[in-house]
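Structures given as structure tokens follow.
Next come two complexes built around chain A: one with chain B, the other with chain C.
Moving on to the complex of A and B:
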């Protein structure tokens, strides 16, 4: 076994331990400096992981380090980097024990990465739990805030329940295929599965339910609004980014590799789930008056769009849906983080998070209002921004695979989403501010938001480079499936 | 061809200007105005250049420019998505129209004081979207720019617009902005679905319009998906019964935005029906032509009758836009060369005419702060030039020979009588109603004894006069010498499939 394949994760884990000890033993270190230390760790791990670009190596039969893994290593590393920077002020003002806070963020990245890297079911499950447990703790991190406690408890109970369901689904699939390896499952399923169809389908459905929980798909979305509302704001942003992204990384791996031969049996379930998710998420978002809850429901709606990418997978089809899904995921995460950082900056200074509180923000903090507007327009899928290009490509891919009806629902639901995003924009630009004092934006947050907005524009205006990267990642994913199919055909 | 970069420039100039204005501190209001107006003038000059340089004898798409954007990935073939710009005889007059109206719009907007920097940034975004739609020869980018043109509207109307008090209730600009945005985006959702389906059905791995145009689509497919484009684009073209955003939105908008929106943006809708719907799906167009005709005629009549009932000057113009866009749709529904020709002519004629209307309404509103027709009276004694300009717009609107409106309406009616005589008669009835409300408005508000309440009004500002004069030049130009327009348009209309 080549232990050096895991260097980025050693760095992250070591760095996490270092951050905790720094907090413990070096009392004079200013609290926000821990954020920079942690961010540096995330960045270092990201840069180191670039060593494996275009490489493909296997760590035992547990993990695969290829372009797919590298893609998510970089992606999650950068998410953690942004979150650490965005947390600095918030944690300093409102939370205790910053050391553990940042350490948990770094550990979450490890969990997420291994969800993408896993080659077999149990590794995937353990990584999923690592990610989830870090997030449960982080959600309830505001110790003296009842809402945060409630959110953490709810998230953990429902999360544990869904993990159990997921595990049960795994055990059924294992029982039928006699292997936990993804490639093994794929080749077992390539043959005749008529005799075992029921147990297998039950297993698949249960796994869909378990993963559906992670990505907040209807009807497994109940935890989302409460967890989003109760969690400390930077953690809300973190959940919305990494829980969804890692969930889809595993979703894609599991359904794009292991279960792909059965695609014709499960794609309709996912398509139905996708339709329900986007309809419910977007319609309920209209009713929200708290910005965290609104973003929670909007993220549910977005998960519905992303599920289209899974539903469009076909056994021998091209890898388009997977690429389109990853492209969409990146666009969504950048945009959502931009929106959240704006909200965090506002909350840091005012302590308010109702949508009505954003009244007249354009007068008080024009830059912040502009960036939030761009992010919201991008989420709604307006041109110039990431949302338009990525939505167009994702919807078109789904339409290519006989899912025009689903694409049509998606188009109308993004129209609905524009309505509630406009509600926030209306507050910021059309309403007179109740206070006149200008809100200064701290320099570091200014830079973070600006970089994210540039990313939003870049993906929106010229996605070709990103698309090439995404294609490299997904082709690595499908090489393995094709190899497995070829092997089973050879038998 | 190198001249393709000129087309690119018309899109790049407003976008660059938006960036430049963004860099100017917001206290430098005068500099912002100059920069915006300079950009407006550049666009105007560029659009005149296209109009003059377009070789109508050759016809077809000219000034071709292709920049690969996304290719060789996933479902896209080699030409996947290309920023393919080109103009033909139908788009060239509309590009000219856009150039004229944005230049006049910039001139008119000099008096905007409240955050004029943001205003011009959004205006520039809007106009780059409009140019993009008229020039795009790639379905993806056509839609990209189409949405881009809708995007800034909400803020433009919401922040700089004005509310209308109806006594018992108030129509706020926020309401108008939201209504307009939602209607237009709902329309574009239909277009989006149509595009998705067309791409799949064509199966060429490209969004390039000329390539998509070569594909023969099955009859069922055409009949099913033509309505998506007809209704989707139709919403923006003021298609009855989805027109109600138009009067509310245009009235709520600030002057320059009303000018651009009623003058140019509504044409995007009609243009989309021609460029996408009729070009790709001739059989679908033929099948649905009667429906389009009935809806168009209803819109024309309904708009005219509603305009008669309005007490607010701007609402009269708003409803008259619905009515005139009804003519355009009627012309398109004839599917014969002269009728479609007339429709495109009407797009231009109505564009300059309604821009002049809105500019004049803005000019009076800035001074009087009311727009109630019946409270005015005898304004011609105080503001003779204003009244003359308004009257010219009105006369063009009711189709007086020698002005642009006549040429366009004549062609449309001629086309209608060829295929649907009854609807031709209804069209003429609409023109008669137009004459009633325009002449009555002129008489009530501008002529007769001076209402002493308005004795303090002065002649409109110089810039407004300049802007109005430019618009009038084009109204008269097209009215007395329509040949340059007809030459360019007719060529391309005849090249459309299914026309004849």
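Moving on to the complex of A and C:
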């Protein structure tokens, strides 16, 4: 086994231990400086992981380090980098024990990366739990805040329930295929499956339910609004980014590699989930008056759009749906982080998170209002911004794979989402502020927002470089499947 | 030798009991116990499949060991959260933990 393949994760784990001990033993270190130390760790791991670009190596048949893994290493590393920087002020003002907070963020990245890198079910399960456990703790991190406690309890109870369901599905799939490796499952399913059809279908449905929980798909979304509202704000942003992205990384790997030969049997289930998710998420978002809850329901709606990418996978079709899904995921995460960092900045200075509190923000903090407006327009899918380009490609890909009805619902629901995003923008620009005083300008947070907004515009106007990266990632994903299919055809 | 079906039926029953417990119980600790029941059903499944279908490979047995380990970690974490809630609100009943409503 080539242990050097895991160097980025060693760095993250070591850095997490270092952050904890710095907090413990170096009393004079200012608390917000820990955020910069942790962010530097995330960035270092990201840069080191670039060594494996265009490489393909397997770690003891447990993990695959290829372009797909590298893509997610970079992606998750940068998410953690942004979240650490955005947490600095918030954690200093409102939370105890900053060392463990940043360490857990770094550990979450390891879990997410291994979900994308997993080559077999056990590794996938353990990394899923590493990601989830870190997020449970982070969600209930505000010890004396009743909302945070409650959010953690609900998130953890439903999370444990869903991972038990996911495991039962795994055990059934293991039982009928006699192997846990994705390639092995794919080749077992390429043959005759009529004798095992029932157990197999049950296993697949249970696995969809378990993963549907992670990505917050209807009807497994109940935890989302409460966890989002109760968790500390930077953690809300983190959950909305990494839990969803890692969930889809594993979803794509599991259904694009292991279960791809059965695609005709599960496509319609996912398509149905996708339709239900986008309709319910977007309709319920309309009546929210807390911005965290609104963003929670909007992220449920976005998960519905992303499920289209899974539903559009076909056994021998092109890898376009997977590429479109990853592209959408990147666009969504950048935009959503931009929106959340704006909300964090506002919350740090005022302690308010109701939508009505944003009244007249354009006069009090014009830059912040402009950035939030851009982010919300992009989430709604307006042209110029990331949301439009990525939505266009995803909807088009789905329509090409006989899912025109789903694409039509998606387009309609995008218009619905514009309505509630415009509600916030109306508050910021047309309502008179109750207080006139200008808000102070925190340089660090404004710089983060500015970089994210540039990212939103870049993905919206010039997506080609990103698209090339995504194509490389997904072609690595499907090379393995094709090799397995060829091997089983040769037998 | 006992046919494999017996183990699968047992695990199915355990799993269903667990699901029922999660849906019907109101105390966070009892819900946790029901989840443990579901996880043990999974372990039984894995061990039965490993012993009967793939006796020369240990994957299923290792899987069961990991499931048990993770379940233990889960208990620790959830009880910590429940303890926190109990200190702040003097209840472990999920019905009474309802600061947030949709």
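Side notes on the structure shown:
Here is the rule we use: the second predicted complex is superposed on the first by the 491 of 491 C-alpha atoms of A that agree within 3 Å, B and C clash if a C-alpha of one lies under 4 Å from a C-alpha of the other, contacts with A are read in each partner's own complex, and residues count from 1 in each chain.
In the analysis below, a residue touches a chain if its C-beta (ideal position, glycine included) is under 8 Å from a C-beta of that chain, and two chains touch if they have at least 3 such contacts.
Quick caveat: nothing in here was measured; it's all calculated off a predicted structure.
In the superposition on chain A, A:161 makes contact with chain C only, while chain B stays out of contact range.
Contacts of A:318 after superposition: chain B is touched, whereas chain C is not reached.
In the superposed model, A:36 makes contact with neither chain B nor chain C. By the touch criterion defined above, A:10 reaches neither chain B nor chain C. With both structures placed on the common chain, the touch criterion links A:408 to chain B but leaves chain C unconnected. In the superposed model, A:463 lies in contact with chain B only, and not with chain C. Applying the stated contact rule after C-alpha superposition, one finds that A:367 touches neither chain B nor chain C. Contact residues on chain C toward chain A in their complex (touch as defined above): 15, 18, 22, 28, 31-32, 35, 38-39, 41-42, 45-46, 49, 53-54, 57, 59-60, 62-63, 66-67, 70, 73-74, 77-78, 81-82, 84-85, 88-89, 94, 97-100, 102. Chain A contributes residues 121-122, 125-126, 129, 133, 136-137, 140, 143-144, 146-147, 149-154, 156-157, 160-161, 164-165, 167-168, 170-172, 174-175, 178-180, 225-226, 229-230, 284, 293 to its touches with chain C in the complex. Of all residues in chain B, only 69-71, 73-75, 125, 129, 140, 143-145, 147-148, 151, 154-155, 158-159, 174, 177-178, 181-182, 185-186, 189, 192-193, 196-197, 199-200 touch chain A in the complex they form.
Against chain B, in their complex, chain A makes its touches with residues 318-320, 323-324, 373, 377, 382-384, 388, 392-393, 395-397, 399-400, 404, 407-408, 411-412, 414-415, 418-419, 422, 425-426, 429-430, 462-464, 467-468, 471.
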